[in-house]
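Below: a set of structures, written as structure tokens.
Same chain, two partners: chain A is paired with chain B first, then with chain C.
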Partner chain A sequence: MAERYFIGKVQWSTLLGGWMEKYQILAPQKHEGGLFLEPVSMENLSTIVYDAARAVQPLKAFLFPALEEVTGEKAEPEKPWLFLGIKACGLSALPILDQAYGGEFADPHYQKRRQESLIVSSDCSQPWETCFCTLIGGKPYPSEGFDLNLSKVWDGFIVEAGSARGKALLEGHDEVLKEVVKEEAEALDKMRKETVSKIEKQNKEYRLPADLQKLMAGSWESDVWKVHSETCVECGACNHACPTCHCYFLDDVTRKEFVKLRGWDACQYSGYAVTAGGGTPRPHLYERFRNRYFCKIKYLFENYNRLGCTGCGRCIEGCQGRIDMRAALNDLTK
Partner chain B sequence: MGQPKNPYQPVKAVIENIIDETPGIKTFVIKPEEAFGFHCGQFAELTVPGVGEGPFAMSSPCHKPEMLEFTIQNVGYMTQRLHKMKKGDVVGVRGPYGNGFPLEKYYGKEVVLLIGGVGFPPARALLYSLLHEKDKFKRLLMCYGARTPQDVVYKYQIEDFRKQIELHMTVDKADESWKETEGVVTVLLDKVNFDLKNAVSVVIGPPIMMKFGTLKLLEKGFKPRDIFLSMERKMYCGIGQCRHCMIDHLFICKDGPVFTYQELKDFPDIWE
Partner chain C sequence: MSQEKKSVGLYGFTGCNGDQLVIIHSEDQLLPFFDSANIKSFSLAKSDNDNSELDLAFVEGSISSQEQAEHVKAIRERTRYLVAIGNCACYGGIQAMELGAKGWDQRFRKVYGDGFFINRTPIESKPIDVFVNVDFYLPGCPIDARQFFYCFAHFLQDDEPVFPDYPVCAECRWRENDCLLLKGELCLGPLTAAGCGARCPSHNLTCLGCWGPMKEANIGAEFNLLKEKDYSLEEIKRRFRMHTGSGMMKPLKKLLGAL
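Our next item is the complex of A and B:
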């Protein structure tokens, strides 16, 4: 059994207040349009939305910002981050980014932020309409990849330590950490089952095979790519909102010598793969559209042994053309 | 342990010499501030400071790593600015990246180089390596094609290479000065015989030439595993991160740029 305790909401807030000195805490706050990860202070501590659903920003927006200088010495960051309220669909994107920015040519910027920051995840209980984690084999509650996980139960949380650093956060606070009683454990199970059912129910019109790679294998020539890309305006929102998309460009755009900026790129852009000579492997919109699906399901899986889709639904939420990944994949099965 | 190396930071390099190859192609001889050991067929990211960066294969011998040569066509924004640079100017270089040619797999064999246009620069690095241990190969043969006689690079070395390897040349469009074949590079393959049981081929050139070159080699009887291709696509990082150069799930920059046709043949659109 994992190490877990019950902690009252007030006591939790007190703990959090204590960590503020050492960490820059970022947590979901409700605004028009959704939940946004924002810096936590004593003023907005009480309005943190722990459970609910995933925030608008994926974690990559912090670990790998949309535009940054990657050459030269960087100014030391203020305090390490402590991310609060990250959902399972956010955690499951991290092994892809960790591998992509690790290895022989590891990105020192990503690695530093990733290693120094802490993640306190939480269970999802009120999924957005666009959420579909269960459709592609995910769960709306974390089972790995967190330092601490919070599951909202009654007027407090069941807090579970998932790493040595998570355990260390709880050290010395025995007085507020209670044993989880049977009723609390049962309430947690019930809440988790209910959330799973909610997500399954809102996706009941879609049926996807367990082996998505096999589904893709026969779909290169499918009409689905042309049909579903008809309303695409190539804005790249699906790429930028995606927690696993991490394509970038490098440029000397500052025009300063030996200073390189790195910025998010999007494979949906027509210029994405165009060479200096003008050639591109994907001149047509449907080909770029198809590339995103193949990257998510086949290429990233082969590179990093992880599906590039976590079912977070951000690409659906952000699409101006009302393109729905679930529907496109579902149509491939027909 | 020091700080981990920043993979995006180029090393400064002074342009020691510039050779005009053709009206649109120059060879830049550069001396990096730090040692730059590489293997033939690998490439580097070359920076024009304040302008941009691009991937180019070294065209100089890999056993002489203190001085690097890049033969570059003026074709885009960055290369246009590079072509305006002068001796003594400073550029940046990152690398070396990629796998390079697996020379040990060519030992004891007939090595057939099928080269088009500015595919010659990486091929020249390969040639230097092959000639460096010439006795290990049964036969060295190169078929090179350019658009016109003016577009032939390394003109000043052709006779020297011809003394050391079997060299066949063609141009798409000849003029009165041209004494050799006229036609696309694949026609040269009809003029030579190979011991197919014991031959490998290396294809480098523009995409369309690589496609028809490969098809011709297959037609001649080469097996997909014996055809080595040096691939190219849009590329930024060179280190398997930015994903611009992918062919299916393979990174040209990290898994390549040298692949056998066997490794690529089942993927769609590899020649685009």
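Our next item is the complex of A and C:
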């Protein structure tokens, strides 16, 4: 068992208050339309929603922003970020972004932000209707990828350190970190089991095989792509909301000096992947639609050894055409 | 550069001259603009316009008389490239929205009565490409200055400019706006070509479609979606045809015929 402690809610808030000086803390706050990651100050410290479910914005909205200048000197953020209340579905997206923007051709902007920021994740307990992490092999609580993880138990949290930086955060606060007693550990297990069964229950109409690769292998010619893409208006919301989608578009702007902008791209647009001369590998909507599923389940898995889908349900939530990834994958099994 | 400067002409037909105005209003670009080419004709900016041979012609406005049709054909004959600028030239604009189902003759009479026209034989307003070959379309109502100078610079280098086929939604997300369609409003973002920088949605106003239709847009899906949101057929049709006239109405008619 990793290093873990119990900490009271008030004591935790005091800790946070202390970290504010060094970090820009971003945490979920409740607004109309869901939870939004917002800067934390002394004023909104008490309204942070720790447990509940994932926020509207994926982590990539910060690490790989929707639009940014990639040339010239960049204004440095005053403090590194500390993300609070990130759920397991958010954490499991990061290895994909890390690999896409790391390695031989590492992206310095992404790498800098990623390496400087800290992630304090938390267990999910009130999944949205669109959540389906368990269906795709995930869990609503994290087991890796965090610096600290919080599990809400009674009037406090079980805090688990997942990295050296996480441990360092807790250093010198021994007086508020208590040993986890048996009852607390049991309450945690119960809460986690309940959340899992909640998510399983709301997805009980969908059944996916354990081997998704096999499912995809036989589905290239399936009618599912045409049927499910019928209501797609090609707005690209599924791509932009997805925590693992990382395709970008570069645009030149002439200001006083030459500037290159990088913005989120979307493979659902007819202009995506168009080559010089106007050729496109996917001229039809159903082909672009199919590409997203193949990318998430097959291509990313083959290249990065990770599913591109974390079951966060953002693509379902943001879709105008009420296209449901679960239903599409489920129909592939028929 | 030792290369000879290219000859360029800018022309306006039926429209508000808003596209030429956008160019004139780009003060910080005007000196390099006039310096980089021989501007032979620019009806809104200068008076000594001539009818000489051109490398590049920018044409704004729709064609709404026999005489204009002949004029645009004459321009085509003496230019190497012809670029339609603005929605009126590209898609016919507001004057080509074909509002009222009774046909052009009756619509025309309702507005102008039985009066006569001096030196002008009115015809139904149509986009430029009904009469001549168009090499490049630069839509917008009005056009975006940045897109225009980008396009202009490319043609000066004998290069075809590229604007990717993205909908307004792409630019809207780059600005991190809330989705108006998801809120149930009549927004044409997914159907409309990008280029404006999602100006309206960034001010919480729905997209009116003033950049014209996006290639390969799924008009049928959006149409059904809006109907589900309880917008009447009339409302949807009015919004669809407002800025893009025939550009959006052609596919819509095809769709309604099929429904």
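Rule of thumb we're sticking to: the second predicted complex is superposed on the first by the 329 of 334 C-alpha atoms of A that agree within 3 Å, B and C clash if a C-alpha of one lies under 4 Å from a C-alpha of the other, contacts with A are read in each partner's own complex, and residues count from 1 in each chain.
Just so it is clear, a contact is a pair of C-beta atoms (placed from the backbone, for glycine too) under 8 Å apart; a residue touches a chain by one contact, two chains touch by 3 or more.
Keep in mind that this is a model prediction, so the values were computed, not measured.
Applying the stated contact rule after C-alpha superposition, one finds that A:K87 touches neither chain B nor chain C. Shared-chain residue A:F249: touches chain B and chain C both. In the superposed model, A:D107 makes contact with chain B only, not with chain C. Contact with neither chain B nor chain C is seen for A:K296 once the two complexes are overlaid on the shared chain.
In the superposition on chain A, A:G236 makes contact with chain C only, while chain B stays out of contact range. When the two structures are aligned on the shared chain, A:E257 is found in touch with chain B, with no touch to chain C.
Here chain B and chain C are compared by how many residues of chain A each touches, and B touches more. When both complexes are overlaid on chain A, the residue A:G72 reaches chain B alone and has no touch with chain C.
Once chain A of one complex is fitted onto chain A of the other, the partner contacts of A:V274 extend to both chain B and chain C.
Taken together, the two complexes place residues 249, 254, 265, 272, 274, 283 of chain A in contact with chain B and also with chain C. Considering their complex, residues 146, 149, 164-167, 169-170, 173-176, 178-179, 181-182, 189-191, 214-218, 221-222, 224-225 of chain C touch chain A. Residues 3-4, 6-10, 12, 47-54, 75-79, 92, 206-207, 232-234, 236-237, 239-244, 246-249, 268-269, 272 of chain B are the ones touching chain A in the complex. Interface residues of chain A, counted against chain B in their complex, comprise 70-72, 100-101, 103-108, 111, 220, 246-252, 254-260, 262, 265, 267, 272-277, 279-283, 294-295, 298-300, 302-303. On the side of chain A, the complex with chain C involves touching residues 33, 61, 66-67, 230-237, 240, 249, 253-254, 263-266, 269-272, 274, 283, 285, 318, 320-321.
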